[in-house]
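The next part holds the structures, each set out as structure tokens.
Both complexes shown next keep subunit A, but they swap its partner, so subunit B is in the first and subunit C is in the second.
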Partner chain A sequence: MSDARAVVSARGLVKRYKGMCALDGVDLEIHAGEIVVIVGPSGSGKSTLIRCLNGLETIDAGSIRIDGREIPSQAREEWRLARQRIGMVFQDYSLFPHFTVLRNITLAPIRAGRLSPEEADKTARRLLERVGLGGYANAYPAELSGGQQQRVAIVRALAMAPEVMLFDEPTSALDPEMIREVLDVMRQLSSAGMTMAIVTHEMGFAREVADRIVFIDRGRIVETGAPEQFLRSPRSPRLQEFLAKIL
Partner chain B sequence: MELILKNMPLFLQGLERTFVLATLTLLFSTVISAIVGVMSVTRFRILRIVALAYVEFFRGVPLIVNVLFVYFGAPLVGLSLGPFQAAIVSFTLWGSANGAEIVRGGFNSVPKHQIASAMALGLKPWEIMWFVIGPQALLPIIPPFTGLFTLLVQATSLGAIVGLTEFFRTGQIVVERVTIMTGDNPAYLIYGFVLFTYMAICSVLTSLTRWLELHIGQRRGRDVRRGPAPLLPASRTVESV
Partner chain C sequence: MAAPGSGAPEFAMNYNFSFAYIGDSLPALFAGLVMTVQVSLLSIVCAAAIGVVGASIRIFDVPVLSQIVRFYVHVIRTTPILAQLYFIFYGLPSLGMTLSLYWSGVLCLVLWGGAYNIENVRGGFLAVSKGLRMAADSLGLERAQYLQFVALPLGLRVSTPAMLNTSVSVLKNSSYLTTIGLVELTFVAMERSAMDFRTLENFASICVLYLALVWTLSYFVRQIEDHLHKPFRDGR
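Right after this comes the complex of A and B.
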């Protein structure tokens, strides 16, 4: 894995909020085809980290490279273009409530000139079919359950044909019975070879799909490893403590 | 009743003035409100400050003072405004300041994560405004804007103080004239008529915008307001501290 090219690479990331250090020198590389799961207690900086990776947060020090090219925090336009290649799914789905499901999905690819309206329409319907929402193209987000909305949000990101997908606690806001349907879609993506970085608390899912799990605490990466080794024999006491709490 | 009918041509003239005045004021106020409102939520600090100063200034000035100041103050900056122009300018300045504040409130009512998710899709700033934030801000803006519209219609009667013969002033003239000619004072009758006419105009306006609100709500948002509340969970709040 490690010899593959890094799609996203972060070096020495520092992010401060009002004097507090949310990220304190984080290095992270995500290689093509790799699935990295990021875990950690709340407030550890994991959401901040993933939001930095597509430039939604500015950083105070360090650097982020997308496809080997460094993009500075202030380069808004460069970041905007980079984001067209980085899909992101949020905890709170964030579909546009005034658009139908179809329009939610086709807006960005059409505006970016990626797809013609007809192509976008076809792509959206195909992707919806794939996540089991074939009949919902003309529904409004408010008419869908949380799990369905989150699946639409994933499709919306996929419609841009991204090179990498970032997930920020995609199942944390969902009722338990809906978590599975979202994880199933993510499993599909993983077997299709999608490059992903996932912040989640679903350790079972992490063990199953992750190539690498990263444990972050108080803004630092404390431990990183393959799922088996990571979960079976955690080295650092802080990770041991964390795992004991959540497993 | 006869009195009113006999003076109808005069009333109609005044009413026409009032209509033109109100229409132009509403039109200009809406456009400027939108512009200043958008200015007040951009990320450009100078624009925000200018918008804020404008809003604060004109919201803090009584409309009647504003009308007089524009009328008499215009020559100071080399402009000579007739009563009609002065009235339109001052109503628009006042209406836009209040309208801009409503627009700003509308934009702020759109949850922040909508912007984040639009950014994450690589949309341009104006696209985010136009496709994502604007339409969502529109619905909550309509009811307070209706209120502003009716206020502005009523405000046009202040044109009378700079000598504009609009509907209210017409009523005044009729009262004076009848009093002089017949010795009777028909004030209660005439002002009653004037009162009902303003009321009628405003309720037509209100029902029009109510229809618009319903229409837009149905076509676009459906259950936007009642949709599953997007969670802004504790973990996020903690994390961003």
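Right after this comes the complex of A and C.
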């Protein structure tokens, strides 16, 4: 099985909300160094899928493997430890509003015993510098623009030195200029070889960085392919329709 | 004003309010005040702790415990405090659990305030956005760490006004402890009124003292509130 090389893999994933099927048998593998972009209409299950991949949702059927090891939904502690190796970035940034930028970033690595407070501090400042926020260590989230907050959120995830990063529409709450700042940071990660799963509507960006694009509709993966082929010659009518709408 | 001897009710307009009497009462009142403060403060602190623990159990939906907490809150909120007090003081001994006057009183106030605080704190926890909980989870923080670093500092900001209300009620409810014979402020006033018939002086005095206590309590809670709000530079 190719599972051995997959950092994250889902098999036959089913997730229901009160009888409504949000995910209906999804298979997905994300290999080391690979960038998978996930697209699909609103309500198709993209966020649900991303949340299932790091155990934030309990699943109703199927399995999820992290580094080839299956972790059942009930294994809460095992999932918690797995999440320390899986970075996640949310659409609304979700920074802790009562902490400074620095404390937002250093909290988890210090509490997980990954880094000493001094190391965490140094790591955070170095990463902030890299995303162009060197001067903002002591600012509070509310004092930053959306794009700046999202870059901090990316740094917060990176500070745990994750093996894989999951992004759920990281730029869809942002103004166009800010979208660029955030995408630039994600491009940096891509050239550094980071493994990523990205839900986004930025098709230009997807074409540029993705190794594979996955189209999900009504809880099922309808089509998947390399960007060029995926965008230029979509096979399924639903994907053709979707692309016509967003391009 | 009714003429004397006419048989009409006599209004006490000629009552002469004696400040000297209050002066004489001060030592006794002070002893009562100390007891009221002691019982109330201990109860308020313990009730706040119960609020935090109970609300945490509820939001993490800890099996079994969560149901017990719900039941407890429900029972306290739907029965009169006097019935609860008598249950503890007169009822529990029959079940082989005898508590002193003092501890019966404290237990009653703690259980009462705790139940209300559980709802207060839970309201605060629920006001912390789901997104932050998910962010904490995604970083691999433990539940206890989420509580300590996120839910408590953010949730308590929201719930302090309600908790202050409950604490003031605990303070005022301490006067029910008179009925089991605890020598606190109200008890002193009742006893001295019965002896000296200076009802007005006695109850006016304790009302002023209760008022002063409530003001003091509110003042300290406001200090705590200001402290909690400090990191929010941007008025959020």
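The working rule: the second predicted complex is superposed on the first by the 243 of 247 C-alpha atoms of A that agree within 3 Å, B and C clash if a C-alpha of one lies under 4 Å from a C-alpha of the other, contacts with A are read in each partner's own complex, and residues count from 1 in each chain.
FYI, a residue touches a chain if its C-beta (ideal position, glycine included) is under 8 Å from a C-beta of that chain, and two chains touch if they have at least 3 such contacts.
Predicted, not measured: the structure shown is a model, and the values here were computed from it.
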| item | value |
| --- | --- |
| Fit or clash between subunit C and subunit B when superposed on subunit A | clash |
| Partner chain in contact with A:Ala173 - subunit B first, subunit C second, else both or neither | first |
| If touched residues of subunit A are counted for subunit B and for subunit C, the larger one | B |
| Partner chain in contact with A:Tyr140 - subunit B first, subunit C second, else both or neither | both |
| Subunit B versus subunit C as contact partner of A:Gly62, first or second or both or neither | neither |
| Which of subunit B and subunit C A:Phe96 touches, first, second, both or neither | both |
| Subunit B versus subunit C as contact partner of A:Gly45, first or second or both or neither | first |
| Contacts of A:Arg80 with subunit B and subunit C, given as first, second, both or neither | both |
| Touching partner for A:Arg111 - first (subunit B), second (subunit C), both, neither | both |
| Partner chain(s) touched by A:Met20 [first = subunit B, second = subunit C, both, neither] | first |
| Subunit B and subunit C footprints on subunit A, overlapping residues | 54, 56, 80-84, 86-88, 90, 92, 94-98, 107-108, 111-112, 140, 142-143, 156-157, 160 |
| Subunit A partner contacts - residues on subunit C that touch it in the complex | 129, 131-132, 134-135, 137-142, 145, 149-150, 153-154, 231-234, 236 |
| Parts of subunit B lying in touch with subunit A, wherever the complex brings them together | 113-114, 116-124, 127, 131-132, 135-136, 220-224, 226-228, 230-236, 238-241 |
| Complex contact set, residues of subunit A against subunit C | 51, 54, 56, 80-84, 86-88, 90, 92, 94-99, 107-108, 111-112, 140, 142-143, 156-157, 160 |
| Subunit A to subunit B touching residues, read off their complex | 17-18, 20, 22, 42-48, 54, 56, 80-88, 90-98, 107-108, 111-112, 140-143, 145-146, 149, 153, 156-157, 160, 169, 172-173 |
